[in-house]
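When the chains are written out, they are named A, B and C in that same order, and each has its own residue count from 1.
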């Protein structure tokens, strides 16, 4: 029996409002500059997609519950309470038209972190039962099966076996005391199996021990995307327990955006305790290996290439230089897009957007921003480090009939490893 | 009530009331914000966050990058025209510095009044441009509430009446000065209950955003 | 004592030539902002003016107004005109005293019923009649009695016009102005502490010429003398406009004659003729002497925030309300903040773990 009600959603929103949130709502002057930074607005022209507008129900709740003027307004009947219809209506803006990319937070002149608050309003909307169907399905599969796309260990084992057969590389499962516990995103497992082979190859050359846990291989945290901390906690605890059980030094998040955010930044706060292990993105690991001289690379990529910065890795993860360091090892014709690095434009599919079928139209419209970035450059290859970005980029390029192959960075590096 | 009595009232009881309400309201708002607290960040921090927080308080006054400024050029120019003009008018005009000095015990040198007059005009024109934008631009019009327009008027009238006072425009000076002071009192009274609080809370929000970003080692 | 000799005859007897007399009329016309074509009318009226009876009542005053008007360095035309008004009652100037003086007053009132001019200086105490009496009669009683059959009233000096110094905070005598008591007679306020001499003679000349009082502003003052504020006619105005202010009475700026705004000049809100007509026959006026205008022709000028505090400063001490505001704000803010915390922790306590089953709404809320 579902316990989803409006009241539940409202109570959870009340829990979510903290001092930063209150200061943000107090400071917003309705200048609209956040809209100029949001690709869902710039590519549709619909003012409803203005980032701060996506938070309106929560702002009203904050005013009514946590300010004197709001309480007085309530007393004299001048305030509109947050209704079930509000939460239902806002679901589209919050889930279809926001990827939590954080670009709005970079430009707000009064210093509001709007994406921080979008994450919070998702808590309330999901608890009230108004999260999009696609995300609910993905989350349910993640909790019940172990993967949002329904991948089981059986499928993973098969893939591992195939890799071992074709390349001779071992895919170690459940090894204790190793350097790295590797997580995989279902998106990679299904669409980009080359990734697993690539890291096997790289770690072997670098002499690093690693493993996958059969109890917790999934990196993608659907709980974070749907915005339900209770579920996010459940999902991340699986990884943490596995990591502690296997006594690993470092948990490695794969080429996926929100997976990194989930375990690196949200994980300890969800669990309420610090982790006894380190958390790194695969790109961070590879760059460390490069620094230590453990990556033996040969050959060059001559094609004109650029890098699409996954939002959660770059703007929100702080991993900006590392992919460029790695690319510089092999690329001779690397060019930067205008607005790259910390101000890069989102691919349009992050934060759960790609799991929502009804969001397909707006997602592809949002891609037009990336399209105009690429058209200015005229590159031959587009490199990135997130499987979700990759799918969106490939689909967007195809729809727009642009012939630019998209390559994963790890995969490209592995292709250039010196063969023993 | 004649203009002499009116002027005496706004210079006396009026100021007292407005100042008291302003202080009470702002303190309530600030404590309402701070006492909600923020959960401690248990993730492995890349940095302490304090220096990033402090830095962001200042760096947010400049655009994130060149293209962001281009995208929001109108708001930047008009916004800064207004804010800089307002700052100069409030803090660098002799009569205002006299008032502040009588309250705080210290003052500072003023700019020549005609220079401040120029900044007043810049501020007034910027405000009118911003109003035009609020009425015509789809995003800003969509976001706007009646409060946005009230606050605009409450900010415009003091600047306008101040300008009129200095230039002795159209009405007897006593009325102009009285209206100017009264309009400032109105602004002070509505201040803590409207988005005008941003004048103070923006330091808090910039601080939090900068700190949370600094802990992750990301730019803000 | 009344004298019915026409004014023109009286002047000639005193050696004033026709030419001199006409010159005076022209000066009066221009002072009153009347056109030159009015001069013959003024001359004719003054020529044949029967010296009206004037009763001058002095209440809570310092006699400064009388000093200003009658103390002149040499006999002037103004002085002569004054001599040629039948001044039937004036404490300082009359020869009689005691019962004889009061009898003279009553006789003048009876003889000129409905036609005499009442001039008042000083404020009237309402707190206790005993604060100021004349021959045992309270100021209030005497004012009402004399005003009843007066043709018009001229309130000379800020005390009579607006209450003046006695009226200043905390007004211990309950002092009020003439117009607060008399509501049914034409009243001209000629304020100033004291007023400029030619201002009163100008008003009188107007009354003699036209039989009625001149055009007044919203505070009852003759527009021709009180129509501009000091600031608009001040010779130091260019310094104000440029933002050059004296900071102390003997600094460089003061020596250069810069604007006295910061030293408390109330010129911008003061309406008087000091900046144009000036004092002592056009010698100087306070600002020219280096001291800010006190605003002495304005109501409540004693309570305008201090003679040496600028117009932009408050008239009251704001530190008390600031302290109250901060204390009350801190207390109320703490209370509101605690309410917030409680509400938030209540919400947290009521939190039931959300599972995947709870992500879909099964029934209407």
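Keep in mind that, in the parts below, contacts are C-beta pairs under 8 Å (C-beta built on N, C-alpha and C of every residue); 3 or more make two chains touch, one makes a residue touch a chain.
Just so we're clear, the structure is a prediction, and the values are computed from it rather than from any experiment.
Engineer: Look at all chain centres (mean of CA atoms) and spot the one farthest from the centre of chain A.
Structural biologist: Relative to chain A, the chain whose C-alpha centre sits farthest away is C.
Engineer: Looking at chain pairs A-C and B-C, which one is connected by more C-beta pairs in contact?
Structural biologist: Counting C-beta pairs in contact, B-C comes out ahead.
Engineer: Centroid of chain A to centroid of chain B, CA atoms only: how many Å?
Structural biologist: Between these chains, centre-to-centre, one finds 38 Å.
Engineer: What whole-Å value do you get for the distance between chain A and chain C if each is reduced to the mean of its CA atoms?
Structural biologist: It comes to 76 Å between the two C-alpha centres.
Engineer: Any idea how many Å lie between the Cα centroids of chain B and chain C?
Structural biologist: Each chain's C-alpha centroid was found; their separation is 39 Å.
Engineer: At least two partner chains per residue is the criterion; list those residues in chain C.
Structural biologist: 332, 336, 340, 344, in rising order.
Engineer: Pull out every residue in chain A that's touching 2 or more other chains.
Structural biologist: Answer for chain A, listing residues that touch two or more other chains: 17, 66-68.
Engineer: Two or more other chains in contact with one residue: find those residues in chain B.
Structural biologist: 25, 28-29, 32, 34-37
Engineer: Would you pull the chain A residues touching chain C in the complex into a rising list?
Structural biologist: Residues of chain A touching chain C: 1-8, 11-12, 14-15, 17, 65-68, 84, 126-131, 133, 136, 139-140, 143-144, 226, 228, 230-231.
Engineer: List the residues on chain C that touch chain B in their complex, please.
Structural biologist: Per the touch definition, chain C meets chain B at residues 218-219, 229, 231-232, 240-245, 261-262, 268-269, 298-300, 303-305, 309-316, 318-319, 321-322, 324-326, 328-330, 332-334, 336-338, 340-341, 344.
Engineer: Once bound in the complex, which stretches of chain B touch chain A?
Structural biologist: 25, 28-29, 32-39, 41-44, 46, 56-57, 60-61, 63-65, 67-68, 71-72, 75, 79, 137-145, 148, 192-193, 195, 197-198, 201-202, 204-210, 212-213, 216-220
Engineer: Would you mind writing out the residues of chain C in touch with chain A in their complex?
Structural biologist: 332, 336, 340, 343-344, 347-348, 350-363, 365
Engineer: Give the list of chain B residues in touch with chain C in this complex.
Structural biologist: Touching chain C from chain B are residues 2-5, 7-8, 11-13, 15-17, 19-32, 34-37, 94-96, 98-99, 102-103, 110-116, 168, 172-174, 177.
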